[in-house]
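Per-chain numbering from 1; labels A, B, C and D assigned in written order.
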Amino acid sequence: MFDIDKDKVNDECGVFGIYSKHTGTAVAQQAYLALFALQHRGQESCGIAVCDDGLIRHHCDLGLVPDVFSRDTMESLGSGNISIGHVRYSTMGTNIRANAQPLVIRHIKGAMAIAHNGNLTNAVALRKEIELAGAIFHSSNDTEVISYIITKARLTASSIEEAVETAMGQMQGAYSLVIMSPTKLLAVRDPCGFRPLCMGELDGDIIFASESCALDSLGAKFVRDIEPGEIVVADKDGVRSITTHCKKRKSGLCLFEFIYIARPDSTIDGVSVHSARLRAGALLAKAYPIDADVVIGVPDSGIDAALGYSRQSGLPYGVGFIKNRYIGRTFIQPTQGERELSVRIKLNTIDTTIKGKRVVLIEDSVVRGTTTSWIVNLVRKAGAKEVHMLVASPPYLHPCYFGTDVDNRGTLIAHKMSVDEICRHINADSLHYLSLDDVEKIAEGSMREFCTGCFTGDYPLPVPAAGEKNRFEYRISDVDR
Amino acid sequence: MFDIDKDKVNDECGVFGIYSKHTGTAVAQQAYLALFALQHRGQESCGIAVCDDGLIRHHCDLGLVPDVFSRDTMESLGSGNISIGHVRYSTMGTNIRANAQPLVIRHIKGAMAIAHNGNLTNAVALRKEIELAGAIFHSSNDTEVISYIITKARLTASSIEEAVETAMGQMQGAYSLVIMSPTKLLAVRDPCGFRPLCMGELDGDIIFASESCALDSLGAKFVRDIEPGEIVVADKDGVRSITTHCKKRKSGLCLFEFIYIARPDSTIDGVSVHSARLRAGALLAKAYPIDADVVIGVPDSGIDAALGYSRQSGLPYGVGFIKNRYIGRTFIQPTQGERELSVRIKLNTIDTTIKGKRVVLIEDSVVRGTTTSWIVNLVRKAGAKEVHMLVASPPYLHPCYFGTDVDNRGTLIAHKMSVDEICRHINADSLHYLSLDDVEKIAEGSMREFCTGCFTGDYPLPVPAAGEKNRFEYRISDVDR
Amino acid sequence: MFDIDKDKVNDECGVFGIYSKHTGTAVAQQAYLALFALQHRGQESCGIAVCDDGLIRHHCDLGLVPDVFSRDTMESLGSGNISIGHVRYSTMGTNIRANAQPLVIRHIKGAMAIAHNGNLTNAVALRKEIELAGAIFHSSNDTEVISYIITKARLTASSIEEAVETAMGQMQGAYSLVIMSPTKLLAVRDPCGFRPLCMGELDGDIIFASESCALDSLGAKFVRDIEPGEIVVADKDGVRSITTHCKKRKSGLCLFEFIYIARPDSTIDGVSVHSARLRAGALLAKAYPIDADVVIGVPDSGIDAALGYSRQSGLPYGVGFIKNRYIGRTFIQPTQGERELSVRIKLNTIDTTIKGKRVVLIEDSVVRGTTTSWIVNLVRKAGAKEVHMLVASPPYLHPCYFGTDVDNRGTLIAHKMSVDEICRHINADSLHYLSLDDVEKIAEGSMREFCTGCFTGDYPLPVPAAGEKNRFEYRISDVDR
Amino acid sequence: MFDIDKDKVNDECGVFGIYSKHTGTAVAQQAYLALFALQHRGQESCGIAVCDDGLIRHHCDLGLVPDVFSRDTMESLGSGNISIGHVRYSTMGTNIRANAQPLVIRHIKGAMAIAHNGNLTNAVALRKEIELAGAIFHSSNDTEVISYIITKARLTASSIEEAVETAMGQMQGAYSLVIMSPTKLLAVRDPCGFRPLCMGELDGDIIFASESCALDSLGAKFVRDIEPGEIVVADKDGVRSITTHCKKRKSGLCLFEFIYIARPDSTIDGVSVHSARLRAGALLAKAYPIDADVVIGVPDSGIDAALGYSRQSGLPYGVGFIKNRYIGRTFIQPTQGERELSVRIKLNTIDTTIKGKRVVLIEDSVVRGTTTSWIVNLVRKAGAKEVHMLVASPPYLHPCYFGTDVDNRGTLIAHKMSVDEICRHINADSLHYLSLDDVEKIAEGSMREFCTGCFTGDYPLPVPAAGEKNRFEYRISDVDR
């Protein structure tokens, strides 16, 4: 299927957790509403686990939140005092139910539910080590590896949080975790803080979520971001922080959270996502003043950057596209070879904005470049005299090992072509990218440093060598006999 | 259920038809794609009928297009040479499958499928007359009445189009129809042209649709609008027009198509919907210059008007809200009394745009007024210093009898309160509506005159007297014994 | 799909109705339970209509009773004081939802719901006449014709029962009807009484059902059978009978109700179905004494006849087959050409019963003969030394026009081959059918005379001439232009 | 819910496996058909795993085979060269998807899928030991324990079969396993052979199944039963047997497989199930000659015993009950307190068989005694003069630890009342059970000895002490902090 959203950097997950001092609370319903607000972080599968006075119930499945959770399912989850939830995006081919989270497991000291956003860089090595000790795995995701590392540590630890503290010494990579034990809720962020994770509060209940928009959807108050390397524990004695792993490393917050992944109404580590996108547009305007008639953005993320460009440049801002509000699991596709139609089902032009104009067209990013030429083509068909393409991020040149789905350098258009070649390929009159210097300024005022590995190849942590597998392989035909 | 979209004028339907000279064409798939583009005109039920060399197959059900039409369902519809489709919105309480369209019926001269957008004003009288002759009805919608009128006329007519021509002499009100016989496809628009209907062409196939955006979604070329009173017939001999009922009346195109109902990328009777909304904003700016810091629109339709206001006034345009992209059939609602949350699930503020600012807030319309105060409240919570509410249409004072769901004067806030009272009620610093004079200018350049009945009570056609039933009643406890 | 149940005479429907003097009664639930007991009379679609103080709600769909009626659906039907229900079998190709019953319609004097078991022989003529008056049809079933005839009569009648009385003068053929008006429940049986219909009573509530087993499933008391030609009316004034059309004709109860269609625990017009099947077996034993070791029946109906044969002949009765209890909508079929497997999925042999034995194998009937040879083959594979096939009904030679699905003489094996040829074709050592004289004795003690048209070609009523259409055709490519 | 099938001994599972030498074989379809034949062994959940040249795909869910496996699901499983399948019954409360099988896991040497019928008696101890080594569990079933034991052994074993051989040294209890590695298919039966397991062959493909009826449904040839303690391996080199654990113990085949669990057309360890039931009836007749008019059996298993009684005693055999063929997931139940109706929905009497008669009524077993009195009541209501109840198995006095769901002595009626008390409780004129001596004769000719623990308390293996948990507890509120 040819999908215009496929040319994007997709985050693999969103996580949520709530701890209430009162049993019989509608914590599953809160998780539902929060996951609904985090749905943009993962549309493939979702799940909720509820702890009802020590007893854990859970339900996960493939599908969007409103489809997976029916009235009956919600009733069967019931009320409780703790709940965690998860939404998951996944790369093609591992779209199976076994990978849906939260993962609920039983170990010697009890049960545990875990929801994970990120990607371990040493998961393959860790898994091999664990398997050599006789362990078995049910899934291909590294959340199961994490649950093993914690469980092993738990054997000798005096508490779940101590086990997590120990486990963090072994895990490398990106992980924003929400963990539920029969009596506690934990939020954990890796020492680089690749993925966001924040804390909120609602009538005394403690809430953790990937993005602040989930807090807003519950009417909860934003309290603070979880620090890179921090463990926050919520239980009957209140909230406390374990900071053993904090500040050991330079932080490396993912810039793509601002560029594309996060919702514009979220604030991450001190910076409004919407403002960051406006700033990206303004920086483009300063760097590339263009003699044009209108500035239009490609929905959704390009729109904010277009507005930023317009404000800085004084060029009029226009609405050039309309996106179909009802996009979902439409299985029907125009016949092969008619890619333009495939784009048009989701995205149509507003011709009065474009006709006869010299257009500045702003995209948040160009990753694989599969749809850009068709979008330029739509704008030309709508009557644009010139199309100047501006990209609100630098050329995407290197794979990401920290929680997005861009794991193969070979598919990256900027790796295969020069900017001039891309410009000709997409049939634009000019093409410019935000510079590396500028992209680091978009999250101005953040309390963190950033990971720019995908632009520079320079990562905050060692990454697997080229050719080395960073994912578990299902195919095992060469093994067990 | 408290629903922010309930304070809107909802059109009752969207229609589509395609005639191909070749059998074995994927006409059902074309209908699917077109209905997907027309989904905003009706989310309650949908249906497709296919004519395969004279044999009619159809499938209708409650739900959105991608939910009603599975792979299996589409396979069972198969290919053919003619197809029509329908999406339907419906008022609460008549949400039953029997009302889904297209309506497929058998009469003495064969079969017929019919899809209808609009509302007859004399349906109750016509139905009574037909029933007195012994007819039976299966549904409560007036499409069945229309099919009867046409069938009666067909008894003595020499063709289906002649029957429709005769039937039009009896039907009063709003109707944009697409009708399929075993060999022909007809498009019919009432003499006032209340609802839009246009014609397109794709590789020789003839297409009719409620809005031009459906043509775009198929890659079809826009040919022209159907004239008020016109019948267009497509069959193996080509396309021909019957204009007997044209120009007998002043046209009365519904202004709410431009204000709220239609998709902004559609062009109706010569006017771009997006441009009309920009113009509404500009006219507001001329009429009500306000000393403020930012102009924001309430999604989706208020956004275009806000941009128009900004351009005219010079005040900066800002993005103040983010709407959840995954809104669907979420059954979960925050507990009663927490209406703010109910709004917030769908609509969240972007606080950096609003905080400390004097805000001009633009809504396309305020009909029942059920959510406006909560939206103003959200903006205040986000830190606005002042909130000036502008409405891009005049006060809504009278019921609509021509195809929308506003049929009860008692629920209209402008009927119950003065503008000052409303302003206080919604807690705005000021409140202004677009004037009646100005609203007639938003579709400047249109080839039609407009219906302004909902603002003035002055309708293009006689309407049922107050208290008179304009809908069929299901409750029949006082009758048959 | 090759289906062992396809070689049967299938009744087209089962009907049910309940009238309670009290509103707020769980009448829909009673209908559900009764339809579940009548499921054998129709597995394709089902439906329930409820009258709640004059307001009619209904739900019909394709599928078995437990699949069509979910908890949500039953809740939406709610309680009431009258309810009718229907299960429907249908011949291949008209398996569409529009044909599901009860049919709920609105006419000038109110609403009406109607459930029908049978087949009109003059439906095509009646429909044509009605259509010529401008009527339109939504379905291809003759229930809609019946509803029209009644509605026409209702225009001038003073009550619904008077309308039905008048309508009966026009309708020819088989019809057992249950009709619900906003205030009354009617049971109607055609003057020949082709299909069964009985009355029961439970705590003062009046119940009508196709078979007495439905009464048992509710714990209701059997009151009596509805007479051929009778109309029974239940309303707030009690129960009364209209007998205008009674005794005008010789009755013609369908013998296949006893042979195959009805449930063995039902009693029809004074005769136990189980006893009739035992008697058929005994009559076979008298007519065809065979030197054999064991008598086995083909499940389900052949089993009773086998027991009757055993008792009469003194030969041991054995269980030779086991039928899979979970047969349902299994879409998977063994690969083409492996018909034996297709039989074996549903029916397996118990080899210890058969091995080395001379077997008397009893089938209730052989209609199209599609599976008989495979069943004989199974018995041979299980080690039978000889297989003597006895059929508990006479050769099936003529189409049925009175409510079963055998409408094409060309498919009948006894029409195409002599008994000897059939015997060789199915590879049996001998083959005998119950004689015509004997089959009329199986329902000994009945208060009715029987229709033996399918055996003799001599029908109680005139039937359409050969080649004349007895069903409505969907294909109308030669008509409307 | 009051359910007449609840008063039964329910086996927990059925297993199936097929090994083909050819890739691209429709092995999943074969599994589907076989599971459909084994559906009586488990109706709660089912699953199929396919090995396609080393790559394992699988699908499991709650529901019956035809409901869990849609056309789409089967397509996604695809073809392959090995497949295993599982149907599962489960006791109330653990009806969750995580317990569905086959269990597919990944260990250090590759992947493995496992399907299990039985119950380990040392599962709790084994699990504790494994958990103490840091292992985590996803489910509460002992199949996961088995997979761990095998995986641990696999670390040092040179092949999967060697690992299984080692693991068998640690596992105690009942287990009939089918195990699939990327290249092999294994069938494993515990040293006592509590549960059946047999081997078949079809065109060179090797098949394993719980019962021979599954072989029949595929048209496969029965080869032999797997020996207690045997491991059979099928791979590219053919079939070989590992007998290390054979004959170390007295075998202990479960007698309830003959009494109730297995399908009558199956042959287990040399004995036809149908013949065993006939023999049980005959033994009852010898032990308890009764002066009566008719012998009837309670469907389904009581019917065979009734026939055996009739043959031995000379009393006429009658069909006294009809069971609704469409029983399924009917959620609707008669209102509380009307237990008779609850029985009657599924089971109705044929009164002509019973009326005025002295009835011998035969049940296969009476476990909890919840429905017996209602069945006697039905027979009395049908007009029986006397009701003599015979039970085709001895009083059920002790829990089963070897794979059925009878795990609580407190619910057993024979544990709570004397035979006389039960007789009065169920309102029978007399009540007799098959004697312990006789029940051991029903499977006469078997190559095994039997487990009679449920009648005698004398088990072939040590069982957990009274009060000791034999099942994993989900509730862990007293643990992890």
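In this section, contacts are C-beta pairs under 8 Å (C-beta built on N, C-alpha and C of every residue); 3 or more make two chains touch, one makes a residue touch a chain.
Only a predicted model underlies this, so the values are computations on that prediction, with no experimental measurement involved.
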(Q) Touching both subunit C and subunit D, which chains are there? (A) none
Q | Inter-centroid spacing, subunit C versus subunit B (mean Cα positions, whole Å) | A | 47
(Q) Can you compute the centre-to-centre distance for subunit A and subunit B, using the mean CA position of each chain? Integer Å is fine. (A) 37
Q | Between subunit A and subunit C, centroid-to-centroid distance (C-alpha), Å | A | 60
Q) Do you know which subunit A residues sit against two or more other chains? A) none
Q. Considering only which chains touch which, how would you classify the arrangement: line, ring, star, complete or other?
A. ring
Q | Of subunit A, residues touching subunit D in the complex | A | 53-56, 98, 104-112, 128, 131-138, 140, 147-148, 151-152, 154-155, 159-160, 181-184, 235, 472, 474-481
Q) For subunit A, which residues count as touching subunit B in their complex? A) 26, 29, 32-33, 36-37, 39-40, 43, 64-66, 69-71, 74, 213, 216-219, 263-265, 267, 272, 274-275, 300, 303-304, 307, 311, 316-317, 319, 321-322, 324-326, 328-332, 334-335, 338, 340-341, 344-345, 348-353
